[in-house]
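Structure record follows, encoded as structure tokens.
Letters are used for the chains, namely A, B, C, D and E, taken in the order the chains are written, and counting of residues starts over at 1 for each.
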Amino acid sequence: MIELNVHKTLQSAQGSMELHVELTVEKGQFITLYGESGAGKTSTLRMLSGLMPPDKGSITVNGTVWFDRERKTNLNPRHRNIGYVFQDYALFPNMTVSQNLEFALDRKQDKTVVEDLIATMELQQLRHRKPGTLSGGQKQRVALARALVRQPGVLLLDEPLSALDSAMRQKLQQYILEAHKKYGLTTILISHDIGEIIKLSDKVYEMQNGKIVRQGAPPDMFGLGKTSAKFRFTGEVIRIQKEDVVYVVTIRIGNDAVKVIADQSEVSHLQPGDKVAVASKAFNPVIQKI
Amino acid sequence: MEWGPIILTLKLAAATTAILFVLAVPLAYWLSRTTSRIKPVVEALVSMPLVLPPTVLGFYMLLAFSPQNAFGDWLDKWLGIQLVFSFAGLVLASVLYSLPFMVHPIQSGLSSLPNTLSEASYTLGKSKWTTLRKVLLPNIRPSLLTGIVLSFAHTMGEFGVVLMIGGNIPGKTRVASIAIYDEVEALNYGAANGYSLILLALSFITLLVVYLINGGYLKRFTV
Amino acid sequence: QPATKSRITVATAANMQFAMKALATDFSEKTGIACELVVSSSGKLTAQIREGAPYDVFVAANMKYPNTLYNDSLTLSSPDIYAYGELVLWSAAGNTRPTIDLLTAPGTEHIALANPKNAPYGTAAIEVLRHYGIWEKVKDKLVYGESIAQTNHFITSGAAEVGFTAMSVVLSPEMKGKGKWTEPGPKTYTPIAQGAVVIRRKNTDTRNAQRFYDYLFSPEAGKVLKDFGYLVDE
Amino acid sequence: MIELNVHKTLQSAQGSMELHVELTVEKGQFITLYGESGAGKTSTLRMLSGLMPPDKGSITVNGTVWFDRERKTNLNPRHRNIGYVFQDYALFPNMTVSQNLEFALDRKQDKTVVEDLIATMELQQLRHRKPGTLSGGQKQRVALARALVRQPGVLLLDEPLSALDSAMRQKLQQYILEAHKKYGLTTILISHDIGEIIKLSDKVYEMQNGKIVRQGAPPDMFGLGKTSAKFRFTGEVIRIQKEDVVYVVTIRIGNDAVKVIADQSEVSHLQPGDKVAVASKAFNPVIQKI
Amino acid sequence: MEWGPIILTLKLAAATTAILFVLAVPLAYWLSRTTSRIKPVVEALVSMPLVLPPTVLGFYMLLAFSPQNAFGDWLDKWLGIQLVFSFAGLVLASVLYSLPFMVHPIQSGLSSLPNTLSEASYTLGKSKWTTLRKVLLPNIRPSLLTGIVLSFAHTMGEFGVVLMIGGNIPGKTRVASIAIYDEVEALNYGAANGYSLILLALSFITLLVVYLINGGYLKRFTV
């Protein structure tokens, strides 16, 4: 269990920002930090991992005090047993992909875990390459693999899949989830992708301006709580076409687009790019696996 | 012309460079990390040996290391180390004198590295020492090379300090730079040219090989 | 009683090195005692001897340095004068024999001499200039070598058209026949008395050193010194 | 108009990759390169911008030859009049945010454009900060702003919004689109976000293994072409619950979740995480602006 | 004790460092970029002046610059430049001798910078020169500082080359290092200590201020 309650003033030329985060994560839980750019998500992970000392407060993980200002405790990052995927990857330029992973091995750890990860992340072709020549997504996969090598107790993922195409992204989401369950990890994810958050996490914390402003189960947080047998979708107007007397409005919902017939009065206040909700009362859908 | 002085020079330069490397890495690492108030003082002090003329520096070292002196006497009595007129003394003097050539480049290399490299290593459970050795140093290769080349070349050519501390004793402290100096002083320009050419050629070849390897030109041979 | 060393180290002032080489060879042949020369400036050698340098005999280029050591009780006895150095005016450029008049000639831009502060030949050269009353005229043309050796570099490289050096230099095998030289004339400067001492060393037998020292004052040695351009008391 | 036809062999320790891209972009068009990690998208932009010389081929933009192997032409990147948002931002660490933007100004350009961009990207608070202390999303916004300062003829965007939360992302998508139209830019985007691609681009090129394997209008490319008044959605099973005699399947579609009643036979081959299509024959939806 | 030699030393060190900086930046830039085959040769050559004893290097320079020599003669006749026994000669000799101290650190700094920095600058329409000046150099400040400090300090202390080329002319080429050397040779240890102390103190203060400014300790005063 992670109990974190920290204060930090981030100094900068223009004013300063007060970061105050209070967070309790159960062992084995998968939580997500969500929020606007500069809200303090990365800073929170940095404090938890010991890379940035908080000004005040304490961090306790599974009963061990990692940080306590009062008691002057500040556990070295290397003893915190974490895996950290950095937002900017932080691969070691002097080592090949394999070497980056092997470097992470614990003294007595079996090398097979490296092989497994290389296979999972589809890095076989790249194993002898230095990070300098990798593409963005390739680097990101190496960073994720490296953080998983030690099978750490706490896994910290700072936008770990943001540079990946959707197929790879889905695949690695699945993998992270499996690893999380298999090794009983406690995982903290930072992500901007709502689908990803819903898929992976047990709980979401929304940060704003250095504070946690909302928290809850993912579906509730993203307004999916009030689901019903009714079909009600949110989507975005792509196109409005006049056809004879009616208008055909094309709306994108997720990766799909639907055409909806609307009349003049309905479209008069709509334009492409608008967010809309589409609902229907009587509907009896059929599910079909694809 | 004798080969003794040249071999002695190479030994001196190699020993000095190796010792300097071992000393300078921790010092440079500390300087690149510390937020201590005495950091600028230490930085300035490191360069101080350069400011005095070598002979004069050598003179002060001579005074300090001399068995006439409390410190030199203590060294002699308790550790049996004689620093004046001995090879050990030459090495120590060269190390002191060339310190800035090793420390400054390594320090500037280390402080140019992004913090995330060491941070990533710490989160992977590695100690500062492992991080320094496996992550930081390999990523500042150009700076290490600069430090090594400058120290090596400077020790090859230096003779003011060495002459003062070492006393020009054949086979013991008579390095090539002093030999050349002597020949020039004796107006033996032919012999001086000979030594100079050998020294230049040796150094040039050494450095060329170093730079070729560093530039990856010799990949074919090193695979 | 420590064993007798069959090898001695002679600390030699730079300007004496040509003559000393010949003397050392001769001495070794006669006695079987190997002789090692350490050539440096008298100032450096003095500093080193004070700090316990392993030198047995010190052959200096003047009296000041050996006297200093004597006053510090680092020698077996007070220094004796083994020779007097002689000054010459030397030019490597052109084929004209240098004269005192050449010094004031407009074509002469630089006159090399040893630094009078620590080289006796420099002091002597200044005396010569003052003797001829041209000191003021040539003052700005003077360039100073660290030692007599460096003064020689200035002259041989042609950087200075003319300069003062030791007669031992122009008579040395290396420089014989290079350029032209003249003597500035007797009594234009104080003779350069050069002294030698045996160094007092802890735990070291000084008998061989004393033998070399005695040899230095012998007639055979005197002859060699004369050949190299020194004046010797007879 | 951009006409690009280039070959490049990317050497690496393990084998090599043949990049061969043929692309024609009309002036004022907005196209997207899409494809898996390491497919060659970034490399294509680098060749177009002159940062990586192709081995063979030619690049012609608006009638000017930028590169021609045969004719030994290789226009300097600085004369290519492009704006480039790098995947790793490439901000200048020695300059503040304002200075990074001002550096991009052309000699005779008015400074007001910098002010406008700072306001649009919400960088006012950060203007005197050095990039070193910015969060990931903040850096990305500065990078985008900097690339737009010169109002370049060709805009190259390498995943320019990947680190941003959805609100900021939508806002900047809108801004990019407006800038693209207002200044008549020709824009090439690399993105993995299908919604973003559909919203922004006129045409999509899918790359795989160094080649363009498919191209077309965004809706067609992502299977949205066969839209109809019928509701047919693709989604993902989140939960399957037994309730009395029936099963309730919760499916996430876009950011929404719907509950669908299903019987034993329907759910027997379903499990959470499965991709499914949900369709209905009779449906008369109502659109509602939100 | 006179102040002349000390002032001359500071002038020499300042001039040498400034000239070296101007020369070394383009050379280091070229070395950090080029893929030319002669790169390792040039790299090795840059370090060569260090390998010879300063006095000997000075001697060879003396030969080269002497008006007896074709090159020295040409300089004298056509450009009216006298390099021997002149301040200009000292500067030139010091520049040659300290070249590696400036070139190597700057080169290693430049080659450690990520390529994307200059690439970004080019795509923003900036020339190589603007990029170097505004983007690259400001981002290798530690390396520039290393180069400047090493060159400056080394020029302060160097006297072998300077003595040979300069001829120890009071007010013209008699720098502090020579003055100290002279006093030590003359066994005037008191005066030597005096000069040394002043030189050390001056350099220490200069370097300390440089490092304080660099470390941002003096921010309050520089805003």
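Here is the rule we use: contacts are C-beta pairs under 8 Å (C-beta built on N, C-alpha and C of every residue); 3 or more make two chains touch, one makes a residue touch a chain.
In UniProt terms, the chains line up like this: A, D = ATP-binding cassette domain-containing protein; B, E = Molybdenum transport system permease.
Remember, predicted model here, so these are calculated numbers, not experimental data.
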Quiz item: Which chains are shared contacts of chain B and chain D?
Solution: A, E
Quiz item: Can you give the whole-Å distance between the Cα centres of chain A and chain C?
Solution: 85
Self-check item: Rounded Å distance between chain C and chain E, as computed from the means of their C-alpha atoms
Solution: 36
Exercise. Quick one: which residues in chain D touch 2 or more of the other chains?
Key: 88
Self-check item: Sequence positions of chain C contacting 2 or more other chains
Solution: 44, 47, 150, 153
Exercise. Mark out which residues of chain B touch at least two other chains, giving numbers and ranges.
Key: 55, 59, 184
Exercise. Could you list each pair of chains that touch one another?
Key: A-B, A-D, B-C, B-E, C-E, D-E
Quiz item: Which bits of chain A are touching chain B when the two form their complex?
Solution: 49-51, 76-84, 86, 88, 90-95, 103-104, 106, 146-147, 149-150
Exercise. Provide the residue numbers of chain E that touch chain B in the complex, in ascending order.
Key: 37, 39-41, 43-45, 47-48, 50-57, 59-60, 100-101, 104-105, 107-109, 111-112, 140, 142-143, 145-146, 149-150, 153-154, 156-160, 177-178, 180-181, 184, 192, 196, 199-200, 203-204, 207-208, 210-212, 214-215, 217
Exercise. Going by the contact rule at the top, pick out the chain C residues touching chain B in the complex.
Key: 9, 14, 17-18, 36, 38-40, 44, 47-48, 50-55, 147, 149-150, 152-153, 156, 169, 172, 174-175
Practice problem: Within their complex, state which residues of chain D touch chain A. | Solution: 10, 12-15, 34-38, 41-43, 87-88, 96, 125-129, 133-138, 140-141, 158-159, 162-169, 174, 192, 194-195, 198-199, 219, 222-224, 227-236, 238, 249-262, 266, 269-270, 273-280, 282-290
Practice problem: Write out the stretch or stretches of chain B touching chain C in their complex. | Solution: 55, 59, 62-63, 65-68, 84-85, 163-164, 167-170, 182, 184-188
